[in-house]
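Alright, structures below, take your time with them.
Next, two complexes with subunit A in common: one pairs it with subunit B, the other with subunit C.
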Partner chain A sequence: MQKKKASRLSRGDRVFLFVNKIVLVIVFIMFLYPLLFVISASVSDPEMVNAGKVILLPRGFTLDGYRRILDFSDIWRGYLNTLYYTIVGTVLNLAFTIPCAYAISRKEMAGRNIVMLIIMITMYFSGGLIPIYLNLKSFGLLDTWYVLLITGLVSAYNVVVSRTFFASTIPLELYDAAYIDGAGDWTTFIRIVLPLSKPILAVMALYYGVARWNSYFDAMVYLRDRAKYPLQMYLREVLIQTKMVADSMTQSMDPEAVKELNRQANEANLIKYCVIIVSTAPMMAIYPWLQRFFGKGVMIGSVKG
Partner chain B sequence: MKRMFALILVLMMIPACCFASERISEEVITVTVSGRSNQTISWDETNMAKVIEERFGIRLVGNGYPDDTWKTQFTLMLAEENLPDIILNPQISLAEVASYGSQGYFLDLKDLVAEHAPNITATMETYPRLRNYSTSPDGNMYTLTQISVNVLALAPRFWLNKNWVENVGMEYPETLDDVYELLKAFKEQDANGNGDANDEIPLDANHEYTISTFLNAFGFNTRQVSYLLQADEDGNVYLGETTEAFKAYLTYMKQLWDEGLMCPEFFTEPGEQLNAQIAGDTVGLFGASAPYVSAGQEIDYDANFYWAGAFTSDYRENATIIKNSEVSGTPFVLVNAKTEHAEEIVKLLDFFYTEEGQVAGNNGFEGVDFDYQPVNVPGLEDKKTFTMYCPDGFASGEAYRTGKAVINNGFYFVKPLAGTPSDAILAATNDEQFELLLPANGWLVQLTRYGINREGVEIIDAFPSLIYEEDEAEERTQLYNDINSYLKNMQTQFITGEADIEGDWDAFIETLNSMGLEKLLEIEQNAYTRLMG
Partner chain C sequence: MKRKNSLLRFKDNLIAHYPLYLMVIPALLYYILFVYKPMYGILIAFEKFKMKEGILGSAWVGFDNFERLMSSYWFPIILKNTLMLSALSLLISFPLPIVLSLMVNELNDGKGKKLFQTVSYAPHFISTVVVCGMLILFMSPSSGILGKMLSMNTLAEPSAFKWLYVLSGVWQGLGWSTVIYFAALSGVDKQLLEAAEIDGANRIQRIIHINFPVLVPTITVLLILQMGQLLNVGYEKVYLLQNDANLTASEVISTYVYKLGLEQNDFSFSTAASLFNSLVNCVILVTANTLSRRITHAGLW
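Here is the complex of A and B:
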């Protein structure tokens, strides 16, 4: 069957497919190379990396970076915190976004246009960092375990995408049928709508999850206690350290200080690549599993309005 | 463990005996500290805080934040009017200090310093600019800026490979013409002696040190690479780029460029690449914090290099080193206007201006964090240097210093000379002493021997950094950013030949004027006149 189909292709089609494959391979290499480079750099001698001698394969193989990370309790604490913020945060995100979007998608809801308008306004106008900060402070939320869960609980954009999904994929007749069968609002939502909405749930989980995993700014502003920092904050410190070491090296007068700074810079460089691997691995592992929903969910949600 | 025990003993002894009289507060008071710091330990954890509590009755608590985190945190602290008592390294400009200060955020230290801080007052008499920089246009003193009394920390760092000079059979260059001849010889001959006459890069690095060293030889008293503000004898401020001397500088650099004596990536090269070239011995004359750092070698590697600079020319008759001002123009400390312990804090700050306090600011205390050792060089026995302890669990004395002893660059109001190797090195007068000091001190010795202590070398200050009033600062920033980036761009174009030094000169000056140079210079002139009094 496959073969027959292929033989029916015209010459132009075959040329197109050939060029297409080459382009795809080039794009594939372009995306794969940085990944391979980071992996190689994470197991190479940092001086080799600095001198630009690591191109694809590791040079001066060493596992010191990973060994250092294993010893570095801050990173593991950050890892646990990030898992907590991501998992609990994403569940809460879904718990608030999905019912909200569903309600707004139903024509029966009174004043839904006004609610929608109010939500849309927040997409374009923000209260600003300092007022939000003072607000959170007066609620006593600063430096707590739940402040990061509460800020960014609902993203207006994601509400719009989910609402469109509900409005466009669930036929109105289905609601009527459920109503006739005696289902109330909750039953309709939980037993009819949610099972039909797996793609949008997956997409939202991914959107929120990745955003939570990557975010550091809120943590930087609202948290004081290092024990509550997510991984990205520690990662950021490692990155900044490299730069700072370079700064102080040009100023320092003491040979031993410079040597120590050099050592720290090398170590920070090595750890930097290892941390990239360690911190992105979970996201990369999850992606393929959610990807089958991804194309579908995003496409469906993309017809706005 | 033994050392820890000794430390505890010392700490226990301190309050009991000698220091009882210097207590600042009889009851222990708590003072909060914050600021920019790249360390993750907090003040409470440092040995310095322990000693200060025992000796002075002041308990320091709080922690710093790294770079941009600090800026956000500081903005928020100001917004909620919840500043710590002491802010170190605030990373804001004098203009911003003046503005926040006049709004009542920061304590005016002027009268408190006069009354309770004899050491700060004395330092201000020695370095009057400290008072100038620290005083805001409204007459109040909201801050103190940092001071470095070690000239070796203020001089440019430009290095010439000694072996290369020998291999091409030439001498240390005194004039710009000598430099040109030397670079030419580097290019033509196998200067590094590896059998390949073509792998030498005579002059390298897009570095402040490189460009400013050449600018200095053309008579500019600057450590900048562009926007060269200068003042004539009558105190008139002008822009160096508009002078004949700058034209001569461009012509000279263009010649180096045209003849391939500069690294082709002179204007774009990243630092790592230069380091690789220094490590590979393929560059002869370059700017770097120290050769051994770039080369990844031990400090005795610096013996292979001359310090280079103080070149003379038609525009610079005497060999001259342009050093930065001892007094920095950046705010270093702020005190919360609402603090309950204003007097105690000023007394504590004053301690860091004493001889002991200057060292304590960045290295801790003798017998707790370091020991003094006499310098083992004939004729310099009266000098001493300190060596940090390195207790178990720390990789080096430096790791201990920044991991336990102090917060780096914390209460470092005066970068000292006494007790540092520089003190002994600057006192050295003969080659024998220099040779003995060289292995352990590398570039510091070379800088002193071939620069600071060289006979006939004059050391003068670079054009000072200026203080602007609030409305001036705003107007200046816009003008300055545009004009400075244009100046940088044009300097590159003139040297690489994209613009013609003679042909495009008038258009260059005209463009500068149309960008508002006159207005900008007026602001600079006013600020300069104010600073000079």
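Here is the complex of A and C:
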């Protein structure tokens, strides 16, 4: 079958497909290579890595880096905190977003366009950093375990996407049938609509979950107490803030000190590679399983409400 | 008479469908308390705000903070950097996913296509902090795999900052941005493609005349949406990649707002700067939408 098809191709098409494939292979490598390199570097002798001898496969295999970060209590505390922020936060996100999006997808609801407008405006206009900060302060929420759960509780974009999903995939006849069978709006939503909406629940959980797992800026602005920091804040200390010292000092020191500094820098780099793997692995493990749902999350604008 | 009718009907509707109205309340409460309520705090941009005196009690100074902003040393620099970073990333990051999705769509090997997509989405799921950490590791002039090949310290070089920002953004976002175009391409009429093939159209002609036009509405909407965000550069990433050496190229409005407001506690000045940012965004959005309606007869509203 495949062969038959190929033989029908004209010469120009075959050249095109060939060039197309070559370019895509190169692009593929560009996506993949940095990831493979970090994995290899995390289990290689750091001196080999820094000397540029690790190109693709690990050299001087070692698990020292991973052993060392087992003792980093900050990282693990951040990990636990982030699990809390991500899991509780995402559940709250869904509980606030999905019912709202469902309700405004129903034509029976009067005033749904006004609700939609109230939500849409926030996509383009907000109070700005300081007014939002002062507002959270006035509620006494700064530096508490709740503040990061509340910021970003409902995303306007996600409401629009979910509403579009409900409006375009749940047939109107189903609502009529449910009504005739005596089901009220609650029963219809919980027993009929939600079971049919697993794709959008999966996509929304993924969108919100990824955003919560990866964000650091809100934590930097609203939290002072290190014990409440999410993982990304500790990662920022390890990956970003330590670098300045090492790179700027090597320029103005005697050779012995430079050697010692280099050794320390090597070790620090090894730990950085390991920290990257440890902090990124959960997301890398989860997203491929949800990939078939991704298309559902972009139906924005395909149905006009 | 008619109004009374519609009011009555609304009352009946409210009673019959009260669960629908209840479902909206939590989200609306969130928006009112945490998104709309802070908007009145914008007033402090026109005040000499003092925490003790509160938003309503602080002295009114009119446009003083804006005048101070416009005449400040950093203003032209941050405006130029913000525009430069967002224009360059729009110019590079916007067309690439369109081309890539059309190319991947031509792969006739289903498994290869799936593998390509899975791998190309991966960087999207890596956090900004980690991506910047990787950049710093790779670009280090003494030990980085890329930094050693380049003859300069990319991280400290102001002229390199925009490329660092834009190209790392391409790596992180290109694959993910194709998702929306794949969804649109699944709506291409297969029969039309076959008919074109029978009529002797080659692959490239079919892409240009059949596949690409299917993407145009999506492209238009996305383009306008992005225009409205033109001054909202990815400040999270910019802030992480900033250092004293590259600050002249990397300070943007949002990072300036953060530093003024929460590091130097100049609340009024910071709010004035962020209000300026929002206003410019709105102007650009409206302009883009109007232009789009003139040219393509499609727009957000």
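Heads up, the rule we're going with is that the second predicted complex is superposed on the first by the 244 of 305 C-alpha atoms of A that agree within 3 Å, B and C clash if a C-alpha of one lies under 4 Å from a C-alpha of the other, contacts with A are read in each partner's own complex, and residues count from 1 in each chain.
One rule holds for everything that comes next: a residue touches a chain if its C-beta (ideal position, glycine included) is under 8 Å from a C-beta of that chain, and two chains touch if they have at least 3 such contacts.
Quick caveat, the model's predicted, so the values are computed rather than measured.
Novice: After lining up the shared chain so the two structures overlap, which partner does A:36 touch, if you call subunit B first and subunit C second: first, second, both or neither?
Specialist: neither
Novice: Between subunit B (first) and subunit C (second), which does A:80 come into contact with in this model arrangement: first, second, both, or neither?
Specialist: After superposition on chain A, A:80 lies in contact with neither partner.
Novice: Applying the document's definition of touch, where does A:210 land relative to subunit B and subunit C: first, second, both, or neither?
Specialist: second
Novice: Spot which of subunit B and subunit C makes contact with more residues of subunit A, would you?
Specialist: On the superposition, C touches more of the residues of subunit A.
Novice: Could you look at A:257 and tell me whether it touches subunit B, subunit C, both or neither (first, second, both, neither)?
Specialist: A:257 contacts subunit B only, not subunit C.
Novice: Output check: A:118 vs subunit B and subunit C. Expected answer is one of first, second, both, neither. What do you get?
Specialist: Only subunit C; A:118 stays clear of subunit B.
Novice: Of the two partner chains, subunit B (first) and subunit C (second), which one does A:232 touch, if any: first, second, both, or neither?
Specialist: second
Novice: Go through the superposed model and pick first if A:26 touches only subunit B, second if only subunit C, both, or neither.
Specialist: Neither partner.
Novice: If you lay the two complexes on top of each other, which residues of subunit A touch subunit B in one and subunit C in the other?
Specialist: Residues 50, 52, 129-130, 133-134, 221, 240, 243-244, 250, 262 of subunit A touch both subunit B and subunit C.
Novice: Help me check something: in the complex, which residues belonging to subunit A touch subunit B?
Specialist: Going through subunit A, the ones touching subunit B are 47, 50-52, 74, 129-130, 133-134, 137, 220-221, 226, 237, 240-241, 243-244, 246, 248-263.
Novice: Write out the stretch or stretches of subunit A touching subunit C in their complex.
Specialist: My answer: residues 2, 5, 10, 12-13, 16-17, 20-21, 23-24, 27-28, 30-32, 34-35, 37-38, 49-50, 52, 54, 95-97, 99-100, 102-104, 106, 108-110, 115, 118-119, 122, 124-136, 139, 150-151, 153-154, 159, 184-186, 189, 210, 213-217, 221, 232, 235-236, 238-240, 243-244, 247, 250, 262, 265-266, 269, 272-273, 275-276, 279-280, 283-284, 287-288, 291, 294-295, 297-299, 301.
Novice: Quick check: in the complex, which residue numbers of subunit B touch subunit A?
Specialist: 38, 40, 66-69, 72-73, 75-76, 79-80, 150, 152-153, 271-273, 275-276, 279, 289-290, 293, 296, 299, 388, 395-399, 401-402, 408-409, 420-422, 440-442, 444
Novice: Hey, which residues of subunit C end up touching subunit A in the complex?
Specialist: Spelled out, the residues of subunit C in touch with subunit A are 10, 13-14, 16-21, 23-24, 26-28, 30-31, 33-42, 44, 55, 100, 103-104, 106-108, 116-130, 132-134, 136-138, 140-143, 145, 148, 153, 155, 171, 174-175, 179-180, 182-183, 186, 202-204, 218, 221, 228, 235-236, 239-240, 243, 257-258, 261-262, 267, 270-271, 274-275, 277-278, 281-282, 285.
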